[in-house]
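Naming follows writing order (A, B and C), and every chain is counted from residue 1.
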Amino acid sequence: MKSSLTIHKVIVGLLVIYLLIPLVGTFLFSIAGKWDHTILPESYTMKWYIELFQDERFYDAFRRTLFLIVMSVGLSVVIMLPTIFIITVYFSKWEGLLQAVAMLPYGIPPIVGAVGLIKVYSDGPIQIAGTPWILIGAYFITILPFMYQGIRNSLRTLNAVQLVDAAELLGATKFQAFRTVVFPNIISGILVSTLLSVALLFSEFAFANLLVGGRFETLQIYLADKLNSSGHLTSAIVITYYSMILLLTGTVLKLTFRNEKYPVVSNKKRILSFFRKQYSHKNTTLEGEK
Amino acid sequence: MSYVTIDQVTKGYENQVVLNDISLVLKKGEFATLLGQSGCGKSTLLRSIAGLEDVDLGRILIDGKDITNLSPRQREVGMVFQSYALFPNMNVFDNIAYGLKMKKIKNIKSRVKKMIEMVDLIGKEESYPHQLSGGQQQRVALARALVMEPKVLLLDEPLSALDAKIRKNLQKELKRIQKELDITTIFVTHDQEEAMTMSDRIFVMNKGQVVQSGSPSEIYTSPVNTFVAKFIGNYNVCNMEAFRKLVRSTELKGNEVAIRPEVLQLVSVGEDSLDLQENWVIKGIIKDVSMTGNVLRYEVETEESVFLVDYLHHRGNMFEQGARVHILVPKKECIIL
Amino acid sequence: MRKIKKQKIYLLALLLPFIMFVIGFEIGPLVAMIKNSFYADNGIQVTINQYITIFKSKFYLQAIQNSLVISLFSAVVSVIIAVIAAYSITKFSQKIQNRILMITNMTSNFEGIPLSFSYIILLGNNGLFTLLFSKIGWDVFADFNLYSWTGLILVYVYFQIPLAVMLIYPSYQGIKKQWKEASSLLGGSTSSFWLHIGIPVLLPSIVGTFSILFANAMGAYATAYALVGSNYNLLSLQIASLVASDVALKPQLGSALGVLLAATMIGAMWFNGRMMRRIRRDLK
């Protein structure tokens, strides 16, 4: 038994090293002074970070990205919450349609989505190609599957339909029922999908580059533009950017760890677990009855 | 004297009829049970009374007022759900006080306190639903409905998620509270035993219709058709032609005969004290004996079909498997269907 | 009755913003793309020439082939590595398992531009390791060119592995210890357990993971864009340059390629569903 554990240690060790090397390398590079013929840098410096944080362009790009994220995620919460609630509670026969519409963007990569968006919005009545507004729309659709799943699962776990029934029988209006009984109980679930959406949009490049490009420079566009300048500075950007992502996903991890056996942080993983649930629906109900 | 009136209510989904022209009337303070298998429409009827489902046709009246088109919040009915539907973000006190707050009723505190005493949950006011046992959650759900002083209390299989012992206790308590408040109650269950112990009146439902209504003993002793006979007791239901052959008689009419297992008697072949005036006699062989605590159940094979015979469990009436017996069937206990 | 209807109309009104967004940014553009792919370059004549052009052009067929090959290859490699690695992970204590998963989780967010950049500074022409190794005298990387097919594969595999591990790992949890015990009690060996029970149970998740990885690579744009720019002929890069570059815009042709790409992805998902049903009849 012991010797076989060694093999597993080696395999997992290699995997972890392989995964971490680019990150560690980039990090070292971002704080390295002179580094060209040794395993580790000869000297360390913070000057790349100082330089970065003095760059107005970086702040501007950051601000633009933040604007896009707040707008599209905010819109998504405000629109999706009542939509999913109304459809699950009052128009349950449309649930299938809603699900199809909400999951579709997952099957369409941004590169395909962009083709149609450019076509629709570069001429005709609404010419918003090249402006941030088209990005907000595109991002709304990008995060649709994750927001949908997060909200719908929260409502399901809560058994929202029955709680609303109970509240109405006790004299609450529909709006009161939603505000006092449903909303407080799904906040944490929504928070998770919100943070995931934020992380997803932080790293969005395809739409930003194809639809707007340099006309509204986001963090990712800025980064792509800096690719050919000083490597150290770019490393500092990458590390700064990645720390933000880690902060976001770290929060998500903490939130999910509280309720689940293993954390589901990746968006894509959520999607697969969704498909799996669809397939093994009968299995899970059987297990539940045990 | 009708307090609740269901008047020719019909409801269907797409091409399936769920409630088929149902009419029934309840008196004030009555404990009525809708009894039937799952899918018979009993829960739909209950939800229609609550206003959680629309009906296609017909009227529902409570205390003389037509509530058919009112929203749930205007109907003044209370409901307890099978899965309790307690609000997870509120503690026991707030759950019970919820309705009073929504209706802006005064002296919430004293009313909630009284209710907590009634359902025996003193000391649990600050607990959240997930900290309570199933039985305690059910009490909170009951208190939450009762504190509104509803005209009618609706109970949708409220005890089916609980284990047998707690269930028995809650049955008694529910009945006690119901009598104490003299509240008109409609109870939905698929468990005939539960229906028998709790109800003043039972409505047996099948395929969206009420097939029989009456007091528990009426329903039990004189089922109107095969369905009720089989569903309510473990009636022996026998095809009439076969039964005529078994008892060698031609004077019986009807399609089927239903006989309760506990009215049958077994006599060893050879004993001659057979009262042929009062009883039919059928020859048979004991196929199997099973025991459920205080009841011995014999499966007796006859020429035409297998009869179940129930005996209270004491030494005097033991028969071996394979024993040849006569079944005595009291003529007046045969229910012709 | 009328009252209830009125309320429903009011509720329906609340759905309007959602419907507008979906039509405006999801369904509308998709329909526009499909429609546009059936127009000539001038945007007036209806024709299927765009598709004919693609299937007659060595260049675009090459792009499709390259995308397919790199997606298949990176998906297969990542799935194999993930199946092995995830199994090894299950051998550790729960605490360590969680740590390792956390690392895969973290690194799964490292993709696109930052990832390509990281590889450039490490293995690019003037990359850290490239220089380091040539100084130390190792010539493993002497012939290595990051901005090529191999470089692209390396980076694609990197961003696919964490995802694959996270997708496959939970299905090992589905293999219950009792099954192994039951199998050995019935006289089965370890290998026969994996052959008859373990692998069949894992298979749906392997197939599912494979198609997700495949689709993931087919649609990948940022990584390739940052790494090889337009030096390498990939479907996603060609679409981008046809609809949004500074020179030679051909939106109709781009639309046709977009339709083909979308069709491949839908095909992958469809295949996933079919396989899932065929392999695991017990699930349906």
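The rule is simple: a residue touches a chain if its C-beta (ideal position, glycine included) is under 8 Å from a C-beta of that chain, and two chains touch if they have at least 3 such contacts.
Protein names from UniProt, one per chain: A, C = ABC transporter permease subunit; B = Carnitine transport ATP-binding protein OpuCA.
Remember, predicted model here, so these are calculated numbers, not experimental data.
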Query raised in the report: What chain pair has the highest count of contacting C-beta pairs?
Result: A-C
Query raised in the report: Per-chain C-alpha centres versus the global one: which chain is nearest?
Result: A
Report task. Could you please state the distance in Å, as a whole number, between where the Cα atoms of chain A are centred and where those of chain C are centred? Result -> 16
Report task. Report, in whole Å, the distance between the mean C-alpha point of chain B and the mean C-alpha point of chain C. Result -> 57
Query - Separation of mean Cα positions, chain B and chain A [Å, integer] - result: 52
Report task. Any chance you could list the residues of chain B touching two or more other chains? Result -> 71
Report summary line: chain B residues touching chain A in their complex are 50-52, 71-73, 75, 77-79, 81, 83, 85, 87-89, 98-99, 102-103, 144-145, 148
Query - Parts of chain C lying in touch with chain A, wherever the complex brings them together - result: 8, 11, 14-15, 17-18, 21-22, 24-33, 36, 81, 84-85, 87-89, 91-92, 98, 100-122, 126, 128-129, 131-132, 135, 158, 161-163, 165-167, 170, 204-205, 208-209, 212, 215-216, 218-222, 225-226, 236, 239-240, 243-244, 251, 254-255, 258, 261-262, 265-266, 269, 272, 276, 280, 282-284
Query raised in the report: Touching chain B in the complex: which residues of chain A?
Result: 158-159, 162-163, 165-173, 176, 180-181, 184-185
Query - Partner chain C, residues of chain A touching it in the complex - result: 4-5, 7-9, 11-12, 15-16, 18-23, 25-26, 29, 35-39, 75, 79-80, 82-83, 86-87, 90-91, 101, 104-105, 107-120, 137-138, 140-141, 144, 199, 203, 205-206, 209-211, 213, 220, 223-224, 227, 231, 234-235, 238, 241-242, 245-246, 249, 253, 262-263, 265-266, 268-269, 271-273, 275-276, 279-280, 282-283
